[in-house]
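A, B, C, D and E are the chain letters, set down in written order, and residue numbers restart from 1 in every chain.
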């Protein structure tokens, strides 16, 4: 698996550089940064294509009934602060509220074997959501994280139509409660951003992976797909793994072992 | 500087209001002895109100007369209208809800206004008939308006000014207090030209705005057979 | 009216905010009055696309410095009537939809502010509580 | 083709807006009125001494009496919408024949003497003194306006150049510079009762002749009464109807219609003229004086209703001003419009099915219709706006099988003037008349080419006279112009009339 | 040749203003619905994270493809030199622009953040077909306006053919582009096929013409202008042809889908067990929008009557809306296939659908917004034909094609 995907990554990097021109331009090199206020933490140096962040999900370790990763993501990104609008249908609301990660339970049609796995944005290398977005609000950062610039998203939902993983959510209602680190408002589309705010401040972790470990399942391994010595590549090497809908050739950043 | 501008605006406002009132009273006092609506004309007062509304809002007659002039003329006036509404934020406190909502459209209006003016001006050079009837003053008024528009847009998009101070300045004028006006050259230019515009308004072709409402061929009801229409001076003839 | 407070430059700053105790804004006040939105807009793109956080012109920075507090020490929404942003924006009728999405009081703060320090694990278990360090 | 000592414009398939040729029509002006004609109307006989001051005084007077003048002189923004709308400009290419160009002749004087800007910065706003040269321009160009109001349709403020040319003529009359044609004619009306100067006995004679003709034609005794007291209806019609072709065929038609309607009617020798040239010279007083003759006649004859024959500006004065000038008409039967147009009258009968019309009798003609400008833009018929367009057309459709309208831009309220209205119907203005007719004739020519139109119907004495005179210049026949009531007259099967058709119909029924 | 004379629509003012008032009412209600949806957020609609495009898209896409189809009538005249269609061309252009504006307005007002329209118009992602469509649409409007100008202004007449041809090619690109919006969605079974683009092209022909016929009949009826029998025949034959083509491509679409074996599930869903969607497919798309109009159009008697041709056109429109509903909403409701060989037992929180058909029921505001778009299109058309010369004076056979009528006589 590793051998199959990594060289491709490497080879495509130049292409990516061009495609993500916007990204490159936005990373103003040599920006002079001042610290005015002692309270503000030192700003970080910006993202680069030296990394490509990814996850490995070991479905065999993912426990039935556990939702720790989902809960952690909800808290981390303020999703738990959404509230059902008065008068909305309960079931419809479940289908309308934003969900960045969901717990999926499958049964093999032949063997009847049940598999559990968390499903979030797969951070495709060739993301259909980015291809279709008319304004370029859906974009891929240099470090491979696919996310939505909600300042330019017009809420057309075309990316949701395009995503094969149903990874994206539209904010259907007004949002009153929000966290400083996770702004959110009616009318835009959003999805898992691999906890970008953590990475940007130098912390190599995601809330979901942390939570899974905290629960003791260790089903989620986060890391840099480009770092041969990093934990992710090591884990990938240990376990046979694949991508969901590998047939589409999107080269996702999230890999699954055991399906 | 602020004092000069304060004085200027008091003067300009006085000229505008007094001059315009004077003109309107003069129009209203002058009798229209004969029924001369351009027919087909409405036969009721409501109909006339609708006709005038269509003229004011859509420039209906101009549309029939000249499509190009209409496009640019209408762009300019509608833009000007939106800009004026947007500008009310400097003059009203608190700013009424509709004016708050109109704000973003005012900017489009400003752009449309300048494009429209450019089109109208271009026509004065390009169409020989229009060139023939154009006087220097026609060019100057267009130049004035276009400069006002451009300086405004520059402030909006390039060199920002201190809106708070501007508003404060005009709020102060209401109560006779002169606050400092930000000394931004563009703003000062903008305001100077606006004052000029206010001063020339009652003495130039800009009188077309009130004029339209007093134009007998547009504002008369077509009912001469049903209702006798007699001017006071004509009544005197009958008494002889 | 808001004007009453606006006799002097700087009067929009809420007395209870941190800014009241600081000498200067991130740029000269005259400049901020005219251009603050250009600054944050520029910062916005750098953050979103470049992942640069906690920089000088960040919106969360504005909020944390300018937000006012009531007697109990709870922050008051910065876009509430009469509060810092609104005191101007209402007066000049400038729409500001940033707070459709952005938190109006420092809440959970950005990851970088206080939490990052407390959260120095490369991988592995992280104290969840820290991430929601509300003020 | 009639001979001309000027260039007759070429007709084109599509209207062409000409480039301006300044000054090409400066030479054209009508004969000046002689002192005796002036005196009849109460104007000085020749140019008075301090004419500039007198003229400005008169202008000031008119400004204070006519809101139209004041507002129109102030409001023009030189938008140019009217510039290509005047038929005289299109035909002559002289920019002073553009409506705004024409207005500016007076506006520059107005600005100089009546506005602050013009007093302070004359050059800037194009203000000028009233010099002899300017007066010359006035005389030329205010007599190249047929007061058709086409310009007012397209002006965003409805600025009506006709109002300004009327005012100009009034001012000029007051300093002794009058136009012979109009002023002489008005004098005739005062003295004899009509423009043509036909005295009562001559009228009676003509009418008797008509009765005989109709009887010969149809075997029905249709009456054409004159000065018959106690008649229900007073018909006031332009004096051209009494003798000229095709006008007289219209008069025959009116008579037949009244006959079929079974109402009593009469003409009056005192008010034997519908036209009112007082309007052309912008003189309220003279217009009123002419109009009052109708009042006098109506009272004298004791009629209950007044009906007007086919004449454009006459109908404008009748419809729009008669009530003002000569009202109130409380002694007439209030159930009918006062006054009523003959077309309204005929149309009413057609609606009620009271006229037996045989369209095929007009099958030798393919028709189009010329909306006369004063009817189209300054009056109305029926009770709905636009009746002035629909009612004559409805009558034409009811009386003939082949009817096509000309191009939409040249009909209804956008109709082109015939070129002879507004007091220009005089041979000394032939060049202007021919050139000014060009847009109308061009549109006519197009339907002739494309639809095979043979005749153009009109309801205005001036239009009819103008076209009979002018069409030959364009290689057309003078008899291609017909009266609307001529069509009615042709198609109308009078009760008791012996016709071959009826015999056939009887055969078929059997 | 005779010149075609165009006249403004000369209906009486009461009728005209009455019509405008009615349309304005429809538009106002649509506008208020949009405002309500924007103010509350999309939770008040039937849309969810599963069915992300709802009824407004049904109307919008329908109007947009009908717009390009409406232009077809003009193309036949100009590009293919069919003289008899020339007098129809101006209305065709107007209708095309009007429908497009109506459709786009619905699309825009259904955005999550319509206030950022300026963003949509100034920042483009050139790999997005959606962004290309913005160019295609605005280009279409501009070209059609230019085309109309070449028809109306004599100085431009000689450009009519090249501009008309360009407009024709552009409109093909436009419908293909609209079709491709769906065709590019690799993750969704129903759309993932190249046949969608040509299907949209023929649909646009049929729907555009049907609307054209309805508008033409109404407008001509209202101020008493004649339409000749030969013209009726021409129009209805054309309609028949297009409707048949839609049916044919529908068949091809399903056959190709069935051929790709992994799609048999979605095919079964659309054709057999999809409930409402299956019903709409068979009854709406195939029967009402296809077979019945074909029956009318080729019926020896009915096909000669104007009212029946109008009825057929109305049915085609209704069928078209049904087809859009099936294509747009049906295909979203069907669950996305992510785990072949597995059954999805649980997909996120309860109520969140993964393995099951997603529920969707249109809400009133959505419907009203869609109708508002139709109202806008009709309002533009009504005002257009009233103030400018779009309608030919007559479509009587002798005026349209003298030679043809001579032959018949």
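We take it that a contact is a pair of C-beta atoms (placed from the backbone, for glycine too) under 8 Å apart; a residue touches a chain by one contact, two chains touch by 3 or more.
Composition by chain, UniProt nomenclature: A = 4Fe-4S ferredoxin; B = Nitrate reductase; D = Reductase; E = Molybdopterin oxidoreductase.
The structure displayed is predicted, hence computed values, not measured ones.
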By label, the chains that touch chain B (Nitrate reductase) as well as chain C are none
When B-D and D-E are ranked by contacting C-beta pairs, first place goes to B-D
Relative to chain A (4Fe-4S ferredoxin), largest Cα-centroid distance belongs to chain D
The distance between the C-alpha centres of chain D (Reductase) and chain E (Molybdopterin oxidoreductase), rounded to whole Å, is 52
Chain A (4Fe-4S ferredoxin) and chain E (Molybdopterin oxidoreductase) have mean C-alpha positions lying a whole-number Å distance apart equal to 38
Rounded to the nearest Å, the gap separating the Cα centres of chain A (4Fe-4S ferredoxin) and chain D (Reductase) is 83
Chain centres from averaged Cα atoms put chain C and chain D (Reductase) apart, in whole Å, by 78
Residue numbers in chain C touching two or more further chains are none
Note: chain D (Reductase) residues in touch with at least two other chains are 385
Contacts with two or more other chains occur in chain B (Nitrate reductase) at residues 104
Touching chain B (Nitrate reductase) in the complex, chain C uses residues 1, 3, 6, 30, 33-35, 38, 88, 90-95
The residues of chain E (Molybdopterin oxidoreductase) that touch chain D (Reductase) in their complex are 2-3, 5-8, 13, 154, 389, 393
In their shared complex, chain E (Molybdopterin oxidoreductase) is touched by residues of chain D (Reductase) numbered 13-14, 385, 405, 407-408, 446, 450-451
As the complex stands, chain B (Nitrate reductase) meets chain C at residues 89, 93-95, 99-100, 103-104, 160-164, 167-168, 171
Per the touch rule above, chain C residues touching chain A (4Fe-4S ferredoxin) in the complex are 18, 22, 24, 26, 44-46, 48-56, 58, 60-61, 63-65, 100-103, 106-113, 116-117, 119-126, 128, 131-132
